[in-house]
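Read through the structures below before going on.
Both complexes shown next keep chain A, but they swap its partner, so chain B is in the first and chain C is in the second.
And then the complex of A and B:
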């Protein structure tokens, strides 16, 4: 069995690949649904309706997509330079904690700042917290050659325990009756709603704006060129005079900052406080989204909406038929693997001999 | 506090705990080591451990014997390993991304299957797990279950296979210099996939230890990063089975100590600070050995015949 590069990648193949991957995913997931003893067609219809079938469904999907766009960006930017940041989950929590520290605990610092300034400080500190958290693995990679996948993964556990420690200690909400929940943000720091009587908040616009900026930066700036060069071939990039170490560090900072912002925006837009279950794995799901999007920041928006729709739809479906919500995770995981194979087969031909 | 520490260290219970905590790490680390010596990173371990923990337990719950459960877990691991092997060896996909994909796939399938099989349970159903080998009448070992003995026996076995058998030589060759292996008439793909399947089977057993020996039920998040720690331990061990055992024991030593100190409320630290220790320790160990780590030369390098 061997791979043979196709001479030219036909546009038709490139467009068909993601659809083929989605079709394959739905077919595999259908087996799982059938195994649970539920009618496949009705289950899919319910997932689709729950995710995209009504104004309410769309509003829930877009609310869920907001943090996913940002964690998807975090992965897409880093993976472009082959910096495998798997720590977006931890960076998200670090950002959320920083946001609450600035916007909820104003011990002297925020008390006399106008809300607009305080909000900027909140976002800035969240981005900084995420970036600093990613700086450690990035430095360990460039200076000592430590694989960043393992360090970022391990840091996720450290951060989650740190959050738990803060929620028990200095950031504990005294009014939460023993629930592990942080103090809440001041009301004037909460993001406004985009649509009345829904949960969609203006964080969606921030996330989409950042995706456009990331896309433009990767495509149109020297830095973006350097990122792509490092990702394509670090040795050749270094030979051509690209500052590889600096590029990897900067990419790490940008990636961590995006994930940190996801946490801050989730706090300011949806909950108002930090809990230990505020992210059902948004950091990890972001990796899938980035891969589905082919690491393209604009594609991340579409992929995040798709994945959010599946997650929201599966939640509402499982209230109607006896299929566990974990079907959403199965769909997302199979979609990742199918997408990898589909993009590969658009570029290569598999020869069995 | 030092008195408490000294008292703890002379107590056999403490060392029993060390060995118990080390067991899944030994099995998982050997599994990762096999894959990486053949040149393939396997980040699927975290999910494969979840899947092995689930299927092994499910088999026993359905009435099979405990050892059958272990075999079922190994087969589950092998199956996911085969998928990872196909994705990363002939298809040459990113080993990082494929491994993460396997972890997501294996763990979500396990959780889904658990919910399908037990839709309405609030407390996890239990089984009768492996019992301690009291008949051994040895200080620390008799407080262990046969799975720990299996893990300990596998260390010299894997070391011997790698160092002294043709199969082990083939694994090391495809991990160091696949072109030379091909020149010797070996099929690089077959050897690599074989090593991944075997290593993943061990990861499945590592998961099964949790449900068949350490506990008697399947919980969500029960693997809790142990798989990632194994990946770190392999680097720490310099890809050598003997050092992998030492690394797993050292790690388990600190983990057991942190558990005791946490219970004793020593130092007045919040319990989360103690729980962080194992993860921080793994990171520190990684950074400490990274400079002189001798990676298998072809690790993470896909091999395509006739290409350089």
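And then the complex of A and C:
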């Protein structure tokens, strides 16, 4: 039994693969729903309705999709260069903390700046915080060959403990009745709502704009070529004159910056302050989204909306039937595995001898 | 027929749409050397893999001594007396010769090893066939030729009646090849049969009794070696007459590239150079001969801008060069790497992006944006002029055949990103094993491109293990052994025997 590479992948197969993966995922999740004793059809209908069935459902899904697009982008562009950034979760918190430090601390930096400038500084510092956090693993990888999967993953815990320290110490909100919660952003720095009486905010437009920019950059720029070349074959890329180390460092910085922005936009658009549970694993879910999207930045938008819909839909479903919301995690996790298998089988054919 | 040992009948094997073996029937007699001759991809390896049980044929049967051999069972093939010596060593480096020979011959659950008996038997076999070995030597310390001898002994130790040798001379010096042929003749005299796989015509005629010629999966001819000429074999192998490349008159020009007492360190022998000096002249082809793994990789990486010299200097057109591929490309080096799949091309990217990969910044981008239409039209012209077949400019390079990949790499290197051939001429061409694995037509094509580049004033460095290729192209030849380089002497001053001695280390040792 072995895998044989297919010559060229037909476009039809490249498009069919993710749909086949999602169909397989729903079939597997159906087993668990049935096991929980709930009607399968009704459960799925409720998930769909809760995620996409109404104006309110759409607004909640898009609100949830906003940070997911950014963490999905963070994973997609880094993975394109085969830099496996698993640290988007930590980079997101670093970005959120930096945003509050610039825009919320009393007498904070740049308090005299006009709000537009201050907002730019807020986004910039969040991006910088995420990028710097990713610079460390990227340098360790290129200089010493340290596996970035290990370093980025472990840095997540380091950052979470650091955030915990800050929330109980220097950045603690004195008005929070003892809750570990940061000070809030100044009101003029909060993002506007896109639709009245919903939580959808203009951060969605920023995230989607960045996805389009990332797509165009990968496709049209010399840097995009370098990223794709390094990811596809670093040896041949180096031979052809691509600065491999520099490319990995730069793509690492871009990836960290995207995850850092996710944190800042979540703070400015939704919560207004940082708590230790502001991200229910957006960084990790971003990896799944990137894989579902086939590492295509435009696909990340679609995949983020799909995953957000499942997460939001599962919340409202579990209130109606006795299936725990964890079914959403099952769906997302199985979707990742199914997508990996689908991608593999689009590229390779299984041969029994 | 009483002396018929092995019979293959109607062997057919398909890989997808490719018919690797098409109804091949062959017989092998006791005490016979049968050569399987064919170009790369003709189906030789597939056929012996079926014989040895690595693959299962789609149709056809194998009989050994009148009994059917079960398909797809290497253990049964071994038990039936089929021994295989692979092209690349399959020995365990960190074990002794005796351990390697015994490996797999003893039941794993039996606590006691019969080393003493095995040792006696190994020495007996070695004596009988004249294959001197030290049973206690660690395999890692042996030369390539010695390892091959161990592989042969390993097969003989298991009472092989048929020995299959897959391109055995590819890693040997001419003298080592000669010793191997003598061993084979001794084995045949003892009643063994040999299947000898090769694409080298001369050695096939010298060593074999009968020659089976494969072309595109079919058995096209079975000829007795006696009374057959190399030209008849070549025509049977290729299916048509090949026009030999034409050398245009070229005059030796100024020195273009100087390697001055360069040393490199490395863990593996192929990465080590020891005070190598060489001057490359415009309009001259300098060939580096040598057995694989003697420092060729380091030398080529040095001249491709991939490796820095630990001592000594390299200059190109008068300027000292660092380990930076981009600087070498900008200085006019046309580089043709040995591994076209792993180094030369980026398989997942389309042909057009590979065609501009060395020049994606200049001239095919401005302001950081790739000039897509200019790049694509250049790629289309390149594909057309260098006859790259097997897809358009949007096909991933992975889908091309090795020969077409090589055409793309050579076209990219020699055209320098210029749309018209008269707009660019490389100053230096570095070609490492440029024709390895190509069919005869493509080989002639590659040779012609190198001769043309030379005639247009490039200094050409050819690193090759194929001595026929070296003698056909080179103006001067130097030999690399254990990281040391002999002085480059005119090709006419070398004899085959002298070259063989130098490849075994004679010349470089004297120089040291």
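The criterion applied here is as follows: the second predicted complex is superposed on the first by the 349 of 353 C-alpha atoms of A that agree within 3 Å, B and C clash if a C-alpha of one lies under 4 Å from a C-alpha of the other, contacts with A are read in each partner's own complex, and residues count from 1 in each chain.
Operating definition for what follows: a contact is a pair of C-beta atoms (placed from the backbone, for glycine too) under 8 Å apart; a residue touches a chain by one contact, two chains touch by 3 or more.
Please read these numbers as outputs of a predicted model, since none were measured by experiment.
Undergrad: Applying the touch criterion given at the start, work out whether A:116 contacts chain B, chain C, both or neither, answering first, second, both or neither.
TA: Touch partners of A:116: none, neither chain B nor chain C.
Undergrad: On the A-aligned overlay, A:195 touches which partner chain: chain B = first, chain C = second, or both, or neither?
TA: A:195 sits against neither chain B nor chain C.
Undergrad: On the superposed three-chain arrangement, identify whether chain B or chain C touches more chain A residues.
TA: In the superposed model, B touches more residues of chain A.
Undergrad: Can A:238 be said to touch chain B (first), chain C (second), both, or neither?
TA: So A:238 only meets chain C here.
Undergrad: What is the contact status of A:220 with respect to chain B (first) and chain C (second): first, second, both, or neither?
TA: A:220 contacts chain C only, not chain B.
Undergrad: Is A:168 contacted by the first partner chain B, the second partner chain C, both or neither?
TA: A:168 sits against chain B, while chain C stays out of touch.
Undergrad: In the superposed arrangement, does A:332 touch chain B (first), chain C (second), both or neither?
TA: The first partner, chain B, only.
Undergrad: Once the structures are superposed on A, label A:228 by its partner contacts, choosing first (chain B), second (chain C), both or neither.
TA: A:228 sits against chain C, while chain B stays out of touch.
Undergrad: So, does A:320 touch the first partner chain B, the second partner chain C, both, or neither?
TA: neither
Undergrad: With touch defined as at the start, can you tell me which chain A residues reach chain B in the complex?
TA: Result: residues 1-3, 32, 35-36, 84, 86, 140, 144-147, 149-151, 153-155, 157-158, 161-162, 164-165, 168-169, 284, 287-288, 291, 322, 324, 326-327, 329-330, 332-334, 336-337, 340-341, 344, 350 of chain A touch chain B.
Undergrad: Could you please specify the touching residues of chain B with respect to chain A in the complex?
TA: Contacts found on chain B: 43, 83, 87, 90-94, 96-98, 100-102, 104-105, 107-109, 111-112, 115-116, 119, 189, 224-225, 228-229, 231-232, 235, 270, 272-273, 275-276, 279-280, 282-283, 286-287, 290-291, 293, 304-305.
Undergrad: Could you pull out which chain C residues touch chain A in their complex?
TA: Spelled out, the residues of chain C in touch with chain A are 15, 55-56, 72, 304, 306, 324-326, 329, 335, 337, 342-349, 353, 357-358, 360-361, 365, 368-370, 372, 391, 395-396, 398-399.
Undergrad: Quick check on the complex: what are the chain A residues that touch chain C?
TA: 4-5, 7-8, 220-226, 228-229, 232-233, 235-243, 353
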